[in-house]
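Next, two complexes with chain A in common: one pairs it with chain B, the other with chain C.
And then the complex of A and B:
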């Protein structure tokens, strides 16, 4: 369980270890205020998984972290756009959710760079044409 | 390092543990393994979430879903539905009793809205048996900062400025206590953590030790640095096995990292901690008795002075702090005295943890800023009185405290206001009573506890409390006299004034506060032989209803003391002076003609010729 048995000799040692282990619980800190973060929901029903949603989800989780964007990546059920799987719903803080279809890692990269970072719209947006009831 | 996409936090506090949360954890793990999700879903056993009423609790992150009363058999559904398909399991969500709607995440639960968690900051968020998770949440940073960047006096001054006061009950300023201990010169000094939590219904300290042991260890080391001690001792009752285990794990991990032991953070400061077990005597929460018990002597208190800060454990200067007090220390050092003193009231700073129990909807562990009102605690956090009954009183401060009533509902809570209202902060037990509770019986309950727990060293406590208990028992049995009421008051004051230690000096508080707030109930018991709540068995009366009784003689025959008279086909009558209230007649009657009343029946028997 403990990964650093070399011992902590200085305050700097402690801070270094903290940096290393922080990622492990960062999700718990982030979960305190999900509204202030970029929320990425990947549709992971049978249709999504079959079209490679798992790979896309891993890409988002890894790359957002690597590029220093505070985000919460979760999975969700089928959004109904089975023709356009994998589908991803992205909610920027203060914006309405936006759904993207046919997302592969290449598309995901474009979404991160252009939509998440700059708010530019990219191809592949599925217009939301229904209402949901508040649960 | 692998990046988990979901965290499932399973409460492993004693409350949830006793309702099989360990099995829930095992089943979730099995299910995750079966579905090959090991690398994506992390399942963590955490400390207490506080919402013990609805345990076992499972919280799913990142969406903050709060599942209540999870059974081991629910594990599969949670994994299949929520984790894999992303659909919440509706039936396990918390049902808001007011709106009757499922609450999706914990942020929208009334229970958490008004809380401010400082001492409980990590309870329910981290795995208490993994030091890395504590470190990720800033553990040992305050210790590092204090011993490498601050002098002991600077650290003490910071604690003094913060306004932190002892959370064990009396509310002595913590910084001042440390300063006194630091000024006494000796070759050895000791830091003691008082984890002898003894109030009936209180579990604040246990939950902190189970959920976040490192915060206490760190604070003890900081205290050691400030007062010049190298040895820390935790006095914990043996009946807290889970807390003991987590402490042992935490101490071992901290030693391995070099956060306890020799030359911490490369400085000349060394500090180590060991455990001392208590056998669970209430009086051992008193610091002099606690020290005696640690020395292997009888757990009896001693006269003060000398204070432990002068001559404590093994005759050396000793600083004793309560668990919750210590848990506040690291945050104060990291966030500053000004931050801490901005929370709370003028004289009581910061927050207080309360164990909410009794006739309340949300039984559990809460932490609220000082100055909150009882009304907010009971009706907003606690969700109101169970079964929509009427609120009667709150017992705070355990056996040393008193009752607060409706008129105190809007008083801001702090050390001073509670004392002024005839109660005390105590360690934080809060028992809510409703209209079905008899206040004389409540006082009797606490005196019974005190009689059991009095160490017997001084006469006022040993004999006085016994007499108080007997008088209360007499009143509850309907044998009390007017003189008894006077005696209760006088004797209580004598015990308060003449007892040796804090236990005796506060033990009559439950009597005095019920006497002053509920004198009417005492009078009813004594003069009308009536207990309005129906709690006092001996003040209930079996009565035969004239209309329903057919005169079958069944009750007359079954009564073991011949208290029932009446001829065949005549209405029967129960003579209250003979009745021993065994209930045999009521059981026997096939016509439901016998009922139990809490008013003394003044009717006379229907005579044969009437």
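And then the complex of A and C:
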């Protein structure tokens, strides 16, 4: 598991840690197919950063790994929902992207446990796609 | 509003990424004897034409279509000027852009540095195709981080389990530099 290691100061220290990490992950059967990965995109424009997007992105990166969920955590620009920052777009394999607003680490925890793990919808979804019904 | 320099760093680097940069160089140059900190982001992106450059500090200017304001540069200008410092932006179309903000460190309004290492590593993690160079200079001493060099050395900067160790590596080296900071400096 991910414990806090102390005394990492040189490149040699980093290489040592890298070897430990490599040994650990080769034991875990990591899916190589990107279609099977959960994609998490944190909006990181001025509005997002000012509202705490960095903490949210770090939380997703560390926690998804800790909880054994194969995911790619990346960033995106402003989606126009500046009022609801930090916003996060989550794409579960085989699903349409879902955008969540007002995400802090507590909300991120709920999103992981309920939406990512079980597909349950949680509060804070921003309706992003509007489909017009043709008459 | 940005409450740390690290937040500005993420924000200004986003501009370089949107300008299709392949290499981004971030420099923090702390000069105790002259009481200033120079924060610089240099990229090899598309650059800007003269008109964009002139309107850059106008909060109602943006190239985005999702909203009508662009506050990244205006905020940076505000936080450096509030310390008695200044902002300078140079850009050449097709060559790249350099943004430079000077903060007076003898002014109590000087921003705290914030989580530089965590912010840098998230940028590195989210943009594997970009080479990030981060230099922190303190007087005669300097710490250099180069995502390209570390990758060549076999460090997997994309792996979440490397996030905390690399963070600590940068932090330890920065703290060693900060020990040389003048007592009168408001930087923290």
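What we mean here is this: the second predicted complex is superposed on the first by the 97 of 135 C-alpha atoms of A that agree within 3 Å, B and C clash if a C-alpha of one lies under 4 Å from a C-alpha of the other, contacts with A are read in each partner's own complex, and residues count from 1 in each chain.
In this text, a residue touches a chain if its C-beta (ideal position, glycine included) is under 8 Å from a C-beta of that chain, and two chains touch if they have at least 3 such contacts.
No experiment lies behind these values; they were computed from the predicted model shown.
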{"item": "Which of chain B and chain C A:9 touches, first, second, both or neither", "value": "both"}
{"item": "Which superposed partner A:23 touches (first chain B, second chain C, both, neither)", "value": "first"}
{"item": "First (chain B), second (chain C), both or neither touched by A:92", "value": "neither"}
{"item": "Contacts of A:50 with chain B and chain C, given as first, second, both or neither", "value": "second"}
{"item": "Partner chain in contact with A:82 - chain B first, chain C second, else both or neither", "value": "second"}
{"item": "Intersection of chain A interface sets (partners chain B, chain C)", "value": "2, 4-5, 7-11, 14-15, 17-18, 21-22, 24-25, 44-45, 57, 61-62, 65, 73-75, 77"}
{"item": "Residues of chain B that touch chain A when the two form their complex", "value": "1, 3-7, 9, 42, 61-64, 83-87, 104, 125-126, 129-133, 135-138, 140-141, 144-145, 148, 253, 256-259, 265-266"}
{"item": "Chain B partner contacts - residues on chain A that touch it in the complex", "value": "1-5, 7-11, 14-15, 17-18, 20-25, 27-28, 30-31, 34, 41, 43-45, 57, 61-62, 65, 72-77, 135"}
{"item": "Chain A contact footprint on chain C (complex, rising order)", "value": "1-2, 6-7, 10-11, 14, 18, 64, 66-67, 70-72, 75, 115, 118-119, 122-123, 125-127, 150, 153-156, 159-166, 168-169, 172-173, 176"}
{"item": "In the complex, chain A residues that touch chain C", "value": "2, 4-11, 13-15, 17-18, 21-22, 24-25, 44-47, 49-50, 54, 57-58, 61-62, 64-65, 73-75, 77-80, 82"}
